[in-house]
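Both of the next two complexes hold chain A, though its partner changes from chain B to chain C.
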Partner chain A sequence: MTLTHIIFIVFAAITLLSALFCVTTRNMFHAALYLVISLFGVAATFAMLEASFLAAAQLIVYVGAVAILIIFAVMLTRGGAGSLPAERQFNTQAGLAAVVTVVTLFILLRVVPFFNYPVQDAAVPVDILTQLGHALVGDFVLPFEVASVLLLAALIGAIYIARERRKGEVEG
Partner chain B sequence: MTIPLSWYLIVAAVLFCIGIYGVLARRNAVGILMGVELMLNAVNINLVAFWRYLNPTDVAGQAFALFVLVVAAAEAVVGLALIISVYRNRTDIDAENINLLKQ
Partner chain C sequence: MIQIPGNDIFIALATWTREIMLSIGLDPAFIEIVMAFIRALLLGTMALLVFMLITWLERKVVARIQDRIGPNLAGPWGLLQPIADGIKAITKEDTTPNGADVTIFNASPIVAGVAALLVYAVIPFGPNPGGECAGAPCGPMAGTEMSIGLFYILAVGAVSLIAVLMAGWSSNNKYALLGSFRAVAELLSYEVPQVLSIAAMVMIAGTMSMTQIVEAQTVPFIFPLFITALVFFISGIAESGRSPFDLVEAESEIVAGYHIEYSGMKFSLFFLGEFVHAFAVCAVVTTVFLNGWQGPVLPPWIWFFIKSFGVFFIMMWIKFTMPRFRIDQLMAFNWKFLVPVSLLNLLVLAVGDTVLKTVGITREASPWVWGMILFAANLVLLFAALWALGRSARKSRLIKRPIVARTDDVKPAPSPVAASN
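Our next item is the complex of A and B:
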């Protein structure tokens, strides 16, 4: 048990425990905050995998942008407070959902050690960031451009869907 | 690499299953979306772990994880916009009451 193991276990525990609180807490605002902690733990996992750019992107996109978006959504819908009292946050099939979850988890955990992955003990290249940058405008330039169009479409679509409609305007 | 690959895979599997529970058991539409986010992040952990352990000299694994991140962000934006629109029209985001198409 080295220090690396302990750090991994600590971050994995933070990620999984806050994810568990996120899906089980009855207060939606608390759930959003737990989600932020869990996503931060995922960013730490990326950092431990030496994917520095992804760790930074995870922090900016998820812990920064998506988290604020979700907190705004919780506040704008009053946490579902008007229509959903705290005791009605879970549907009638919550027990069945737990069963499905446990069965899926059991199958996954049985499958994971089944394969013998050809693990390479190679080091990450020092110029991995440069390579990634070149790859994004070289080999992956088509998916890169498609991703930018997708983001633009999501931006315009979100504004159109969520905008406030004036009186007399046809609901669309 | 002191940590075995399977540790990362197990963490990702558990995170994915927590996400499944969130999606299945929540009534609040924002809560369902949170579950989806957890599942997408679990998949990303898997992608990055496989990149690091199986082929760290090829950046394709990282690029793929990056595209998953972009699509997940777009999904979150449109999903939350839909939820806010539904709330405006019905003042209710209980997934069991969003059944206008059935009536």
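Our next item is the complex of A and C:
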């Protein structure tokens, strides 16, 4: 076991445990913070794989998203985002969930070994960022542009919903 | 006498430390880990020393701007004032409000301080000398050399937002919560022009690595990227929550915002976070726009600090001259002015750079011609933007608040006493 293994296990444990706490804690604010820690763990895993750009993007996107989430949690829930002891946390479908999980696990265990993943035992290219940029506006320009159109549509939709109505206009 | 590449005192010290560790028979891999820790320790200490110095400097400068003298009793020119403040902060009572979420309440100042310190990891204080010093690469003259330097600064800048939210929520105080809500609105909004200006920098420099950006500056990027520099500086001030963008703490409106319930050392950590972040913004501006460490005669790191403190002086000047924005003005300024201007700027730079490249004027070949042409384009765009801003401001003044004759606007009847005289 090398140092890399140990660091990976530490970060994997942080990611998984805080993800678990995120759904089991009764305090909504704590849940959001556990989510941040979990996403940090994912970013750390990206960084360990020398995908530092992905790691930084993960931080930028999700830290802001979680901040918004916290605001929603505080503003849109009864009694703020504190502990809600009266609410039931688990639904009654535990049996069904167990069956689905076991079946999925079984299928994955049978299927995954048949795939032949291309694995290279070589160093990560130094100039990976430039390659990523060229790929985004080269081979993958269509999905890239489609994603941006989707975001633009979301933006316009948000503006349409939030805009001030003129006099006599029906709330739509 | 060993020949030191780069002829730099820090490289010499690092080589010396490595040789000592080699001579007592340590494993080279282990030495590299130790050196990384030493580097982190030095950077952290540097940031804290700078923090002490700029608290003193800021109080002196604000005093001069407001026609006062400022701290002058502790030590020569009041230089020991930060130490006195530190002792005071340590001896203050550590209070925790009733109903506070204690763990988060205590963790939040630490997150704020650490998030601010993280930026310094990628700021280069000198050129990477290359070559070998005691069997290991000599450089870099930075915490670490990352290919995504600028992007990393954005990423860790976002973390301080979480610290503010944690503090605001866990304090169990409505003013603190209001402050942290404002923080989310302000910091997320000003991230947009910041990202756009960073996109412009990366487009022109062709790299995100801080060291390579400095080396790409055949002409200081403040000229070809004039608007970008302004937008980045303004949004940097907003991101570090300094006046005129200090809506997050706005003493006159929400008492002190998110750190209202903090006392002693915990408050100091927030204070430290703000100042260290502000100086980091200045360091990034120095690195990206002002040629970084480059300069004649003096060693690189001294040049770096001279320029950074120069930028910080401008920041203080703005802070003590401008009144605070209202929250709607803050948002309107960002979304209706900074974002469109930086989008247009991005367009102008992309087109300008490409056109100049086709006629054979490139950054590498004729830097000053290239820089000055783009500078002129920047100025045109800047004046057009300011003209449009002035026009729309005049229009909104005329339309939204029409001048209506007041109904009580009649002259009072002359008093009988005055009439009799």
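Heads up, the rule we're going with is that the second predicted complex is superposed on the first by the 112 of 172 C-alpha atoms of A that agree within 3 Å, B and C clash if a C-alpha of one lies under 4 Å from a C-alpha of the other, contacts with A are read in each partner's own complex, and residues count from 1 in each chain.
Simple rule for what comes next: a contact is a pair of C-beta atoms (placed from the backbone, for glycine too) under 8 Å apart; a residue touches a chain by one contact, two chains touch by 3 or more.
Since the model is a prediction, treat every value here as computed from it, not as a measurement.
Novice: Per the contact definition in the header, classify A:F53: touching chain B only (first), chain C only (second), both, or neither.
Specialist: Touch partners of A:F53: chain B and chain C.
Novice: Taking the superposition as given, does A:V36 touch the first partner, chain B, the second, chain C, both, or neither?
Specialist: So A:V36 only meets chain C here.
Novice: For A:D127, select first, second, both or neither according to whether it touches chain B, chain C, the two together, or no partner.
Specialist: Second partner only, chain C.
Novice: Per the contact definition in the header, classify A:V74: touching chain B only (first), chain C only (second), both, or neither.
Specialist: both
Novice: For A:V66, is the partner it touches chain B (first), chain C (second), both, or none of the two (neither)?
Specialist: Touch status of A:V66: both partners.
Novice: Could you give the residue numbers on chain A that contact chain B in one complex and chain C in the other?
Specialist: 53, 57, 66, 70, 74, 128
Novice: Write out the stretch or stretches of chain A touching chain C in their complex.
Specialist: That would be residues 27, 29-30, 33, 36, 52-53, 55-57, 59-60, 63-64, 66-68, 70-71, 74, 81, 126-129 of chain A.
Novice: Write out the stretch or stretches of chain A touching chain B in their complex.
Specialist: Those in contact with chain B are residues 2, 4-5, 8, 12, 15-16, 19-20, 22-23, 28, 31-32, 35, 38-39, 42, 45-46, 48-51, 53-54, 57-58, 61-62, 65-66, 69-70, 72-74, 76-77, 80, 82-84, 88-91, 93-94, 96-98, 100-102, 104-105, 108-109, 112-113, 117-125, 128, 131-132, 135-136, 139-140, 143, 147, 150-151, 153-155, 157-159, 161-162, 164, 171.
Novice: In their shared complex, at which residues does chain B touch chain A?
Specialist: Per the touch definition, chain B meets chain A at residues 1-3, 5-11, 13-22, 24-28, 30-31, 33-35, 37-38, 41, 44-45, 48-57, 59-60, 62-63, 65-67, 69-78, 80-85, 87-89, 91-97.
Novice: Which stretch or stretches of chain C touch chain A in the complex?
Specialist: Spelled out, the residues of chain C in touch with chain A are 101, 104, 146-148, 151-152, 154-156, 158-159, 161-162, 165-166, 169-170, 177, 181, 184, 188, 191, 208.
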